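Please find one structure pasted underneath; my questions will follow.
Naming follows writing order (A, B, C and D), and every chain is counted from residue 1.
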Amino acid sequence: MVTAQSELAIEAQGVARRFGARWVLRGVSIELGPGEIVGLLGANGSGKTTLLRIFGTLLKPTAGTARIYGHDVARETDAVRSELGFLAHTPGLYDDLTARENLRFGAMMLGLPAGNNLDAALERVGLGHVINERVRGFSAGMQRRLAMARLLLRHARVLLLDEPYSNLDTAGIKLMNEIIAEAGAAGGAALVVLHELAPAAGVLDRTITIVNGRVAESKPAPIPRVRLVPGERAAATAGATR
Amino acid sequence: MTTDDLTVQVPRSGGWAAFGVLSIAALIATQVFSFVTSPPDVNMGQLEKIMYVHVPAAWVMFICFAVVLVYSLRFLWKGREEDDLLAAAAAEVGAIFNGLTLILGMIWGKPAWGVWWVWEARLTSTLVLFLVFVGYLALRAFVEDPQRRGQWSAAVGILGALNVPIVWMSVTWWRTLHQMPSTMQDMAKIYWVGMFANFVTMTLVVVYFIRRRYEAAAIVRAAEHAAQAAALGGDE
Amino acid sequence: MQASNWDFVIAAYVVTWVVIVGYLAYSQRALNRARAEYTRVTGHRPGEGEAV
Amino acid sequence: MAFRDDVRRIRAIAWKDLTTERRSKAGFNSVAALAITILVLFGFALGPDAQALRDAAAGALWLSALFAGVLAFNRSYQVELDGGALDQLLQYPGPRWVIYVGKLIANSLFVGLMLVIVVAVGIALFQVRIPKAWPSLIGVFALGAVGLVVLGTFYAAMASRSRAREVLLPLLLFPMLVPVLLAAISATKALLVGDIMHESGAWIKLLGAYDLIFLVATLWAFEYVIEV
């Protein structure tokens, strides 16, 4: 695929964001081409999550522009949103709905056709045995898995993942990496906020480190990405996560 | 969004200080004029002199809230921060004159009606309006993020202004349908001259007030933006 | 009745001017504070040397 | 197509809010219990003279509904704030008014059901005689409830996400609702005594106009309060 300037999957130019008097982002410029998977590193409060939320249309930049496939995140929110798969820090589930009901709600809100196979997604994330149980009783890791199932519902071209590995066990981490690798193989880009590199070994093309609201460095991932053949379904990353 | 959109223009004080002195002098002049020229009323004696401050205060309050409506709409439409600051300045000045209107109404009401408060249509509507804009100012005090504060208070300001005629209508019906006589009397023409003159000069004073509040708010925002620019590395 | 009404008239004008002068003083304080803050941040007074 | 999607989204949100509410019955039950408690307190303040109670019944009914309703409106957003659901909700494509309409439907049913209980209890406690024109009375309750819900749902979108939301919502909402309360109380009062003065019609029209004006205004403005 030719990546012209406008065909960048994720793009930020001088993005700055202020909360009250505090500058959380001070002019961040990054570019991700289609198919590229990038880890976003940085200390607590460095602005990683803020940047992700700006790409996720949840915050407007105070200055600068951010684009998803050429669509301005502040102005063309609807176009941006139809590209996004966003996994926030919190799972964003409804405690009094069951696992399947939560997924069905997501599917309806996404405008997916009825009869989308929700149970298959639940099976895949290992929640097949609790399909009809309420989320209130789920552990943090199970809630995380349910959020992953919701991510699987649509084949988003851009994944924005905020510390996706938190609360996940080894199998869960592996599953998460499979989802990322599949999205990458299908030509989608992913921006993954991390506070440690280990779980994402073999998944990332490169890492970008943010220090105090600015991009401090951008370098290839220490362990190169294990690429899937487009369309191939996972499993290849299994070895890398050990 | 470019950095140009971000800068809040620091308003220049320029001729405004002179404008302020002149408008306050004019207000004093028209008040003295109306105070001296108005003959005592047959029924109310000197009491009607209160009307020269009470009624203009009520009118300028409406002007303030109209400004809130217009600039709130404009802020939502164009997103310029100045419009938000101007709407907020007008809301504060409006609330001050709204409160003044209420107090003057009560001072008038005690000798005229024998009680400090009656649930008369105008007075009651004014009280409701006061509460609406107290809510507006409270909301602004409770929200820190400038964008959120701007959009939320614009919505509250617009709905509040929209509610003014409805409140007025409902309160009036509420009174009249229960056969309460209107307590305000029609006044002779000579009173209107003084009243109108006072209204004009009080409007000038209010314009000056809004402008000062706006200037202070804009300078604060400009200082914040300057601090931002420094934080962003001093680039333009 | 007529004589006592003067109290209320005077009270009304006093209240009006207390509010006007009071608000003037309040807004002056706010303005001074804003200007001081601006000067502290930028090193020059508002309205001066705008072309940064 | 897009419209069909929006209708599905509205249904999804209303269904989600109602299901959540239904499953945590404690929510509705405690709000209804509070409404009844307020009614009882009004009874203490106004009673025990039967005529005095009857005269004040309309006001007591509406104020109880208002105070209890305020809790419902903030609750409606609490579901979204727990566990960051709002972030996810705002992520979905589609217009923002869809979220508002979905919540309006859910809150209308919630407040409507609460009103049924409040009215039933109020009729008994305040010794109200049910008038012949009871269908009009139901109309007044419906229109009044819509006014309550429209502004309550709208203002709660802001108040619930601010500091001091317990005080901010009533502070913003109650003055705005003055026309609804005046109209609903006056019309209810008139209808309870047989509407001798034929004044209820004007009040019902006012209620209808209020509902319409603010429904349109809040539908337009909702995007600006949720999307920030």
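Rule of thumb we're sticking to: contacts are C-beta pairs under 8 Å (C-beta built on N, C-alpha and C of every residue); 3 or more make two chains touch, one makes a residue touch a chain.
Fair warning: this is a prediction, and the values are worked out from it, not measured in the lab.
Farthest chain from chain A, judged by C-alpha centroids: C. Taking A-B and B-D together, the pair of chains sharing more C-beta contacts is B-D.
Rounded to a whole number, the gap between the C-alpha centres of chain A and chain B is 49 angstrom.
Centres computed as Cα averages put chain B at a distance of 31 Å from chain D. Centroids of chain C and chain D (each the mean of its C-alpha atoms) stand 42 Å apart.
Chain A and chain C have CA centres that are 52 Å apart. For chain C, residues touching at least two other chains: there are none. For chain D, the set of residues touching two or more other chains reads 228. Touching two or more other chains at once are residues 145, 147, 224, 227 of chain B.
Taken together, the chains touch in the following pairs: A-B, A-D, B-C, B-D. For chain D in complex with chain B, the residues that touch the partner chain are 151, 154-155, 158, 162-164, 168, 171-172, 174-176, 178-179, 182-183, 186, 197, 199, 202-203, 206, 209-210, 213-214, 217-218, 221, 224-225, 228.
Remark: chain A residues 53, 56-58, 60, 77-78, 81-82, 84, 86, 88-97, 101, 104-106, 108-111, 134, 143 touch chain D in the complex.
By the touch criterion stated above, chain B contacts chain D in their complex at residues 76, 128-129, 131-132, 134-135, 138-139, 142-143, 145, 147-148, 151-152, 154-156, 158-160, 162-163, 166-167, 169-171, 173-174, 177.
Those residues of chain A that touch chain B in the complex are listed here as 16, 18-21, 23, 26-27, 60-65, 74. Against chain C, in their complex, chain B makes its touches with residues 10, 12-13, 24, 27, 31, 40, 44-47, 49-50, 53-54, 57, 93, 96, 99-100, 103-104, 107-108, 110-111, 205, 209, 212-213, 215-217, 219-220, 222-224, 226-227, 229-230, 236.
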